[in-house]
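Next come two complexes, and both contain chain A; in the first it sits with chain B, in the second with chain C.
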Partner chain A sequence: MKFSKLFKINEDRSLYPPLNSEGKVDVDLSSHKYVKLWHGPQHPGITGNMSLELTLLGDEIMDCETHVGYLHRGFEKLMERRKWIQCFPIVCRITVPEPDYNEYCFAAGVEELAGIEIPETAKWLRTLTLEMARLQSYLMWIGGQAGSLGMGIVGQWSNYCRDLVLDRFEELTGGRIYHMYIIPGGVRGLLPDGFEKRMEETLKTIEEFMVDIDKVMFNNAVFKKRTVGMGYIDPKWIYQFGITGPNARAAGVPDDIRKKYPYLKYPELDFEPIVGKDSDIYTRADVRRRDLLLSVDLIRQILAKMPKDGDFKAPTPNVLHWQIPAGETFIRSECTRGEFAYYIVSDGSEYPRRINVRGPSYTHAVALLEKMITNTNLADVAGLMTSLHTYPPEIER
Partner chain B sequence: MIMNTPLDNIKTVFPNADVWTQRQELYHMSIPKEQLVALVTHLKEVEGYLHLVQLTAVDWIEKNQFQLTYILNNPIKKIDVMVKTFIPRDNPTMETIHHLWEQAATYQRELREMFGINFPGSPRVDKPFILEGWDDIPPYRRDFDTKKYAEETYFPRPGRETHDPKEFMKKKLYPDEI
Partner chain C sequence: MARIKDIISPFTAWKNVVKEPVTIKEPLKREAAPRYRGFHKNDIDTCIGCGTCESICQNAAIDMVPVEGIETKDGDSGLRPRIDYGRCCWCALCVDVCTTGSLSMSNHFKWVDSDPDVFRFIPGVDKKEWDNEPNGYKKPGPNYELYSKERVHMPELKPEERDKSFIEIVRGYSREQAMKEADRCVECGICVATCPAHMGIPEYIKAVRNDDLNEGLRILYDTNPLPEVCGRICTHKCETVCSVGHQGDPLSIRWLKRYIADQQPADNYKKILETENITKNGKRIAIVGSGPAGLSAAHYLALMGYECTIFEKLPLPGGMMRYGIPEYRLPYDALDKDIDYIKSLGVEIRYNTTVGKDITLDELHNQYDAVFTGTGLHLGRSTRIPGTDHPNVYQAVDLLRDVTMGKEIPAAQSIVVIGGGNVAMDITRTLARIQNQRYGKVNIITTSLESEEEMPADREEIIEAREEGATIIPGWGPVKIEIENNKIRGLHVVKCVSVFDENRRFNPKFDESQTNFFAGEMVVESIGQGMDLSYLPESVKDNLKLDNRGRIVVNDYFQTSIEWLFVGGDIIQGPDVIHGIANGHKAAIGIDRFLGGKK
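Take a look at the complex of A and B:
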């Protein structure tokens, strides 16, 4: 396929300025040919509070720079001044729509350093929570992707479905958005009575809505016209830019951490990583849609296989006096956007020495987006950005 | 018994490197600052550590050192390696690796801003990334006091109390002992 077709670039480049050796345009703002435009931080097409400084020639983007910092609360620094257990209300706020991956990575890191083995039931409950988090995050994302291309109704349907999953979260953990359910040593409780039945009803509703969403969004001529062949990620860029998750899988790289570096109870579940091959916005959307349905399937498998009672928390020392042995560790998990990892350093005291969060958006929204967006049309920016599924809070922890 | 690890042959190329194992798929490596870029390039080009997962710093203020940690991943062998080096805390400078991975420039820009570690030649390294108009010491250094900064910069909320959790619980549970 020709490069120009993939990016839908006007083939006649005679009206456009020549590219320099880095493949970029030498922008001379005093020539009055270019316009600077700020896309965000307050813009419906932006995923959270982030902004893109665009340089336009006509309606084509010549240059882009990502600006973050609108959400910076210094989480990593705050955690250095708090006891290990006091970090818990902080970690879940690093990624708002799916806090459970933060809780899992932090808890697993603490357990590895302290040498704690968690009970079987706790492992199953953690796997269940992580899949539920994946499900609701994808449902929210579908609304964003459809909305950024002008289909508001899909977002209303998917947010209704997400609310049902949040109801199940509320039953299980007591919280809708931030759960603080996965704690060092295990989890905070067992499944409530009748949870499986209500979860099954929720999953059925989601499946019904997904049929409608498939018809209205994925078989929509406008959606296809605007997304097929648009926003191509070259498979060569995968390691060069650190691309992970559905963005990499849509390019044909079957990297799913649940399968590749199995953690918790994933080795006992039957699934294959979802892979696409065209690596455009449409394929990425389709990979996420199929991944969502895979999560529905995995939740059913987990509920069928897991023990319903038993120990759910290993004994831990008094958390207010807990000194974690000195050491370093690195824990990763697969979140909806890719590889989510925690690097934890302990100096043997009651406080963490350093915690560093690796969010997949860190690479997707800055280096990758700045490269991909060049030579696209202004109207496609929102759709392209949402297709990378970026969350600014994990860039500026 | 001598254990054979996938990183044994590194020692023949880089005799100064220390290698130790944490778990089956996670290795640690420590190397002097001057050889770090050569080692990371060797790991990427020869050993197949194609994926740069993380690049971060730890402030060991008591030793007057910064620790730089490069976490690399080999997607074929499914192994992670943490490459570590120590640089002095006064006027810290490190060679850039943005020519190996595009996203390294972003990590280096953040380290420049948050720890004050300079990476000469890294793209946009001196441009503010998260903080705009910051004129204090780099905030992620251990000697930057967040509490003091917040008290000096923002208005205190009336009626707000702060407790040390250990003392507070002791007072609540065992009031007679105090």
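Take a look at the complex of A and C:
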């Protein structure tokens, strides 16, 4: 659909000076043609504290430099000074909206190095929490995507739905945001009584709201006008930049870690990776919307298939002085933003030698954004950034 | 049409105008889920202040602090966790790791106050509204453990393999077993405070875990020069208080100590312990008795450069360790290994030398700079019931000594033993073996005043004695030995209803209406031992300060009112090996201080 025809907007948005041989624009600030503008670090359109140093010509962006370092908490270094079990409460804090992927990658890495096989029930419960995490993260994102383009109501609805998922998290794990549930060796509890029934009610509510969100957001002329054809990611860039997750799948690359490198109980679940083809903000949003509904379906599948009792934690050595055998491992999982991975090195001592957290935001927000943002309008920056679903704390882990 | 639909469709949001809001009206009244991790609760009476919560807390949010009204005692540090909620990350690892299960969490999470200090408190001591509420996070299930609660089984001879021989029953841990057992330690140190010698238990367990047995041996010898002995027959008060034992099996601290000592050949000791060159200070100490106290004092004095001479009445060293404890519990080669090392430090032992007969204490005083006596409890006590003057009534300590000396033991076909302590078990099991060797069957009844639960003997001793065929009938008080034609027929007993009064003092009460008769041709008394201080000359006895119960008064360094005379071991504390070792060590420091330190 060519909505540009409806509103008669000039498609040629490229009124800028040509690029030099280094691929940059020669900006002469003393010419008084340009404006330097700091977007962030506290801008609500940015999903966390990072800033964009924009160079504008009129209201159009000519150049952008990304700056991070506003919430550097040094998790990776902190972990080198803590015993293995003491890293367990820390890792979830690396990504606030999706702590469970951190917990899973850390626990799975430790288990792989220590040669521990976790019980079946624990695997199912882990799969369940990872899908619940995906669901609530998308619900948070959907509000952000709509809000950054001026639609506050969608954020109110989706956050209500997210709160319902957090309620389920609260009764399963004992925490709403930081669940601290996936512990090396297994998980910290079975499903509480009546959990499935309440989960089903929550899923139904979410499905009902998703119908409304479809009408208000996805079938909205304004939203389409501002997002279709906007923020294009060239499929050629996918492997150049290392783009993963919905950002890559919206460009037609059907890479999903859950299918490509199956882990936990995903091989026993029936699903296909969600892909799009236009690779613009709208397609990415649509891929995420469908992925959200896929999560709803997967949670139903998991609850139908999983055993409800049995052991949920394998015996481990005494965690107070657990010496993980020397070695290194790379554990990945599919989070809502792409491939989320932990590179863990042990030197055989009670403390990790090195833990490197490789989140997708590093690529998407620092490198890719700089390239995508040139030639766009200042008003679209927030929407564009949200469409990459980046999360700065994960960059500064 | 599609375009018009896209313009109209968003207006469907207006349908929500007529809907009820979903927001919770009174969020402060919302209760959290039953599993929610809120403010902590602590059952203050169950908590032993082991501090494992403090060790696992990655944020240093927990401090162990003294609490008014909670006394420090064996098995309780007297400290309780104080939690700083400015640091707490609510991960609940402290709850999961709590050794006693006293710590849990409430599901309370709302608390607003302008004073930040109120958010640092001692759960259970500082009363909170959620203290008695059932909801909140608890350790999830019995199979969820952060460390193993199960002890690594110690290989032992089966009853049928051991009931005729004096071969050591306990076989010792392998490397893998020892490391696995050592892994269970939570390093709380409750055991260190309780051990009379204050051994560095968590440290040497760590050495086992790290497979650094040289370091382990160094730690053992810091406080205990008889690790082979203590690794086998220590009364292990450390294990009784072990925090892991509150919800599982306590650590096998004694077996781990034995493992360290067993793994090192005696030839390596001097090199590992760096005792090849000791500078002598020219001062001489006389030690009376080569039991644990005397040997311990000699060891530490020798390390300080003193020239020590031990005077031993019997032909071999070790005192009660050799002449009281049966070989199946403490083989002589293990004992000799410890003693040989002490001797190699230059300690001289004069055997068959009775102080008071062959040489007097005054002579020792004249020839030496100071004297330490640890002569122990070698006199058996009698029940003094009618019939105890019969020649077939024996004292357990005498019989045990004769077994070691290789004398003929007068074991009858049926025997009654009176006593419920470890010595009673030792003589029961020794006589059972001899009966088995001679007659091919065991017929021995052991009776004690104390009930099954109160019997002072170690639980495993009672179990193993029964496995070996002995009959143990607790809860009866001896009345009289029946003698017919100058032959013992057996022991008359009455039911003992209580042994101690409300002040925990020995004051047995009997129910005369319930009587019993245990048949036997021989009776052995094992109700405790007394000291023989006849070797003390009058000049010493006159000046020695005694307390109102007739016991020798000593200061913290086991120095008596006669400044050159130090006394320790079973005479002062115990009776057991580890107290003797601790006394000897402390007395060695006392003697060094008395003589003006190392010059």
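Convention: the second predicted complex is superposed on the first by the 379 of 397 C-alpha atoms of A that agree within 3 Å, B and C clash if a C-alpha of one lies under 4 Å from a C-alpha of the other, contacts with A are read in each partner's own complex, and residues count from 1 in each chain.
In this text, a contact is a pair of C-beta atoms (placed from the backbone, for glycine too) under 8 Å apart; a residue touches a chain by one contact, two chains touch by 3 or more.
Predicted model, so just to flag it, every value in this text is computed and none were measured.
Overlay on chain A: chain B and chain C clash in the combined arrangement. By the touch criterion stated above, A:Tyr178 is placed in contact with chain C alone, chain B being left untouched. Legend: residue contacts after superposition of the two complexes on their common chain; A:Gly189 is shown touching chain C, with no touch to chain B. Shared-chain residue A:Tyr343: touches chain B; no touch with chain C.
Contacts of A:Leu320 after superposition on the shared chain: both chain B and chain C are touched. Using the contact criterion defined above for the overlaid structures, shared-chain residue A:Gln86 touches chain B and also reaches chain C.
Once the two complexes are overlaid on the shared chain, A:Lys224 sits against chain C while remaining clear of chain B.
Shared contact residues on chain A (touching chain B in one structure, chain C in the other): 83, 86, 320-321. By the touch criterion stated above, chain C contacts chain A in their complex at residues 2-3, 5-7, 9-10, 12-13, 22, 32-37, 52, 55-56, 58-59, 89-93, 96-97, 105, 137, 140-141, 143-148, 183-187, 206, 209.
In the complex of the two chains, the chain A residues touching chain C come out as 1, 3, 6, 82-83, 85-90, 93, 153, 160, 167, 170-175, 178, 180, 186, 188-190, 192, 212, 215-217, 219-222, 224, 311-313, 315-321. Here chain A touches chain B in the complex through residues 68-69, 72, 74, 76-78, 80-81, 83, 86, 239-242, 255, 260-261, 320-321, 328-330, 332, 339, 341, 343, 345, 353-354, 356, 358, 362-363, 366-368, 371, 396, going by the rule given at the top.
Of all residues in chain B, those touching chain A in their complex are 22, 25-26, 28, 50-54, 56, 58-59, 69, 71, 75, 78, 80, 82, 101-103, 105-107, 128-132, 139-140, 142, 144, 146-147, 165-166, 169.
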